[in-house]
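First chain A sits with chain B, and in the next complex the same chain sits with chain C.
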Partner chain A sequence: MRHIISIIVENKFGVLSRVAGLFSGRGYNIETVAVGPTLDPEVSQMTIVTNGDDQVLEQITKQLNKLIDVIKVVDLTEKEFVERETALIKVAPPPEGRAEVLRTAEIFRARIVDSSPKTSTLQVTGDEKKIAAIIELLKPYGIKDLVRTGKVAIARE
Partner chain B sequence: MKISGAEIFLEALRREGVKVVFGYPGGVVLKVFDVLYDEKEIKVVLSRHEQGATHMADGYARATGRPGVVLVTSGPGATNTVTGIATAYMDSIPLVVFTGQVPTKMIGNDAFQEADIVGITRPCTKHSYLVKDVADLAGAIKEAFYIASTGRPGPVLVDIPKDVFLDKAEFRYPEEAKLRSYNPKYAGNKWQIKQAAQAIAKAKKPVIYAGGGVLLSGAAEELRDLAEITQIPVTLTLMGLGGFPGTHPLFLGMLGMHGTYQANMAVYRSDLVIAIGARFDDRVTGKVEEFCPEAKIIHVDIDPTSIKKNVHVDVPIVGDVKHVLRDLNTMLRELKEPWEAIRKAWLRQVAEWQAEHPPAYEWSDEVIKPQYVIEKIYDLTGGDAIITTEVGQCQMWTAQFFKFNRPRTFLNSGGLGTMGYGFPAAIGAQMAFPDRLVIDIAGDASLEMNIQELATAVIQRLPVKVAILNNRFLGMVRQWQELFFGGRYSSSDMTGQPDFVRLAEAYGAVGLRAEKPSEVEPVLKEAFRISRPVLIDCVVDRYENVFPMVPAGKGNHEMIFGQEKKSSERGLRAVG
Partner chain C sequence: MRHIISIIVENKFGVLSRVAGLFSGRGYNIETVAVGPTLDPEVSQMTIVTNGDDQVLEQITKQLNKLIDVIKVVDLTEKEFVERETALIKVAPPPEGRAEVLRTAEIFRARIVDSSPKTSTLQVTGDEKKIAAIIELLKPYGIKDLVRTGKVAIARE
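Coming up: the complex of A and B.
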């Protein structure tokens, strides 16, 4: 099963590699990881998406908690949460496809953040389904490049 | 007043009460060795290899319970400690390993003797520091000792660049280490402990399975209380030996791959397994589904990641063994069950198993049986010695035939199984206890992995003894090849081993040899009389095997037995 884990860590060098090493050392895969500062400059927040059965996840969570620089670990999958991801998609549609690309962007509330004579770059934010859907729709028009931030997630109150 | 990083280092060690540093110098740590040169209180033991230094610190830590301290240079000095660190990590031994590093500005440039030792050791340390500013040095050292020795202990590495040793700062040593993200919990959950007490009261066929956690937490007395109150038999893991008296009537011996028949059968048939400071290692459980198929499991461990890692647990208790057992024993005493009467049938069954296959070996008048050497060491010392072992058959026979009655008297590499551990560990233990008899029971091949430390023992005037069970084979490898590879001894024949007596003499130590069974006792007696390092070359039966044995992948009840079936009177009497 897919799990989204939110981790609060000390903002120190080497923390990311400790967390990543814990996954790789056990042959667990990280699907996405996003890291950023929090309101407290000494503390960072990581959102990790990973796969595994309940037993694997229980081990991962316990092992993460055991790392000295980890302050808190929450498996959001057990809770109500909101998740978002941003993707930048560069398309190079043939002239007759340009209008269609703009229409698709509009439907998905994507913004054109850059354009050149031959390409347009769209920025889209949403949950996993939305990102997957827009990629699917844009594919026929020639996706030249695709960059995703990885998920960030937050618990609902 | 500002002092140099090297002086801060020294002052911090003093504050931590460090008595001995095991180390080896090199370019980037010259300043700190220079400061140590005038130091009176802290002794520096110069090893002959950084791996040796690390195992010495480990042996010191296992024998005393205090963290062992290592100081080495950058690059190769640091990488040479890796096996020692991994050995300590697997057995949860507190070490603080200081490595020099190239100057801060050069880190990452592939500078001369640069190694990313923090990166290399990340998976085998409890935590690590790269100190980039002299102002952070004292705090990092304080935290390193705190982390190494609290909770589930383990090795901590502190990497210190050359310029940090030279730079100056005010010395401010924190009173205590406070980490918001690390607060080991010692007391167990009361409600869970009550569940455990109730399960124990209900059980008909309970067995205690205890491991190294008992020793790490200093809970031998509490474990004994638990067993005696409830009349539950106790089996120990390799790492747990010494945590419960080896001569106690409730003691079943070691369990697992080379455990006793009674211990493995008792667990296999039990209806309640009380796992204490043990982690269901695969060498202990055999085929895990058949370890204790009919039992409920209570598991006490300070490390939550150990619980439910390999087996389902009915009553998990996260906490320090000593704390938890105290609470548990109090509750059990209050229950006032007629424990002896309840336990009669079960203990009778256990005794039957013991009678069926007692530990034994076939005696010979011509050739020395390795087990006999161990029995003799036990007889002659009355068990009052610190025993280390190397890895392989020598280790298993020691676990089977020496009776450890006291904690911290059996030091061996259980988790990693590091050949070459025993001898430097014996040196470390002897540093801590100069007046005790310290003996490494060694395989000839393992000993060679750190034989260079004989120089250290001689120079430090440490009277360590090494009893070599010299079979001129990688004995344990040969045993597996005999049993599972049709006797094809590929790369396991060590014929051509050096003359260990002359080798000892070359180092300035004493070498003795026993070639016949009748020579074992006099040679051992002589060795124990000599107050210098002695290598005792016991030329033993080359083809002796360790039995009983659970073949890999089998259940523990499917043990195979060897020559013991043909045991002569002598053999049985010797070990019965």
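Coming up: the complex of A and C.
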């Protein structure tokens, strides 16, 4: 099953490596990772999206809780949550495709963040389905570069 | 100096742990990390933001290039690039602060992605300065939860 796990960690050397090592050591693949600061400069927050056996994940969660630099582990999968990621997509459409790229950007509320005679770079934020859909629509226009943040999620109230 | 490094890797167990381990093994701190899929399901892309000595980073880059699962390492710092991250910010303002939260959201082109009688959750995408500015403005209204994707960057044309 797919899980979204939020881990609060002390902002210290090697935490990311140790956390990631716990997953890979058990043959558990990580789909996306996002690590960023919190309001406390000593503390970082990681969001990890994984897919795999629930029992193995339970073991990993227990091990994570034992790591000295791990403050808190929350499996958001059991809750209602909002999930978002951002993609930057650079396309190099032929001249006759440029209008369609702009139209696609509008539909997806994407913003053009860079533009050159031959390329346009779109910034789009949404859930997994939205990002997948815009990528699919832009593919015929020549995706030249694509970078995606990992997913982040926050519990609904 | 601050560096933004893009690393293309084979999507295999343990790559993230090995890459992160190279940084921490040299006492080099990672500020943010974003790992996501590419158009090729076998390949992932990592964006790492670090701060530290240029020479040490050069050594790390060399070591990264030697890792069997690393396909490509690009230091974007030397180029012109667009940098973005996304934050989800849950605030619990007092009743008299709610209008101001909505106004702040509007100014920053943030979107309300969840709303309850006592809380609002904002989604905002931008560069580091923009994210820092909106967080600062929302602090007085009671930030209850905050998650941030790592930064991603794409070269300008």
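As a working rule, the second predicted complex is superposed on the first by the 157 of 157 C-alpha atoms of A that agree within 3 Å, B and C clash if a C-alpha of one lies under 4 Å from a C-alpha of the other, contacts with A are read in each partner's own complex, and residues count from 1 in each chain.
As a working rule, a residue touches a chain if its C-beta (ideal position, glycine included) is under 8 Å from a C-beta of that chain, and two chains touch if they have at least 3 such contacts.
This is a predicted model, so every value here is computed, not measured.
Trainee: Applying the document's definition of touch, where does A:G21 land relative to chain B and chain C: first, second, both, or neither?
Mentor: In the superposition, A:G21 touches chain B and chain C alike.
Trainee: Figure out whether A:R148 sits in contact with chain B (first) or chain C (second), or with both, or with neither.
Mentor: In the superposed model, A:R148 contacts chain C only, not chain B.
Trainee: Report the partner of chain A that touches more of its residues: chain B or chain C.
Mentor: After superposing on chain A, more of chain A is contacted by C.
Trainee: Contact-wise, after the overlay, does A:P41 reach chain B, chain C, both or neither (first, second, both, neither)?
Mentor: neither
Trainee: Output check: A:P95 vs chain B and chain C. Expected answer is one of first, second, both, neither. What do you get?
Mentor: neither
Trainee: Let me test your reading of the model: by the given contact rule, A:E10 touches which partner, first (chain B), second (chain C), both or neither?
Mentor: After superposing on A, A:E10 lies in contact with chain B but is clear of chain C.
Trainee: Who does A:D114 touch here: chain B (first), chain C (second), both, or neither?
Mentor: Only chain C; A:D114 stays clear of chain B.
Trainee: So chain A touches chain B in one structure and chain C in the other; where do those two contact lists coincide?
Mentor: Overlap of chain B and chain C footprints on chain A: residues 13-14, 17-18, 21, 25.
Trainee: Write out the stretch or stretches of chain C touching chain A in their complex.
Mentor: Going by the criterion above, the answer is residues 6, 11, 13-18, 20-21, 23-25, 27-39, 45, 47, 82, 84-88, 90, 113-116, 118-119, 121, 123, 125, 135, 139, 143, 145-157.
Trainee: Quick one: in the complex, what on chain A touches chain B?
Mentor: So the residues of chain A in touch with chain B come to 9-10, 13-14, 17-18, 21, 25, 55, 58-59, 62-63, 65-66, 68-71.
Trainee: Show which residues of chain B lie in contact with chain A when the two form their complex.
Mentor: Going through chain B, the ones touching chain A are 118-119, 122-123, 126-128, 130, 147, 179-182, 303-305, 308-309.
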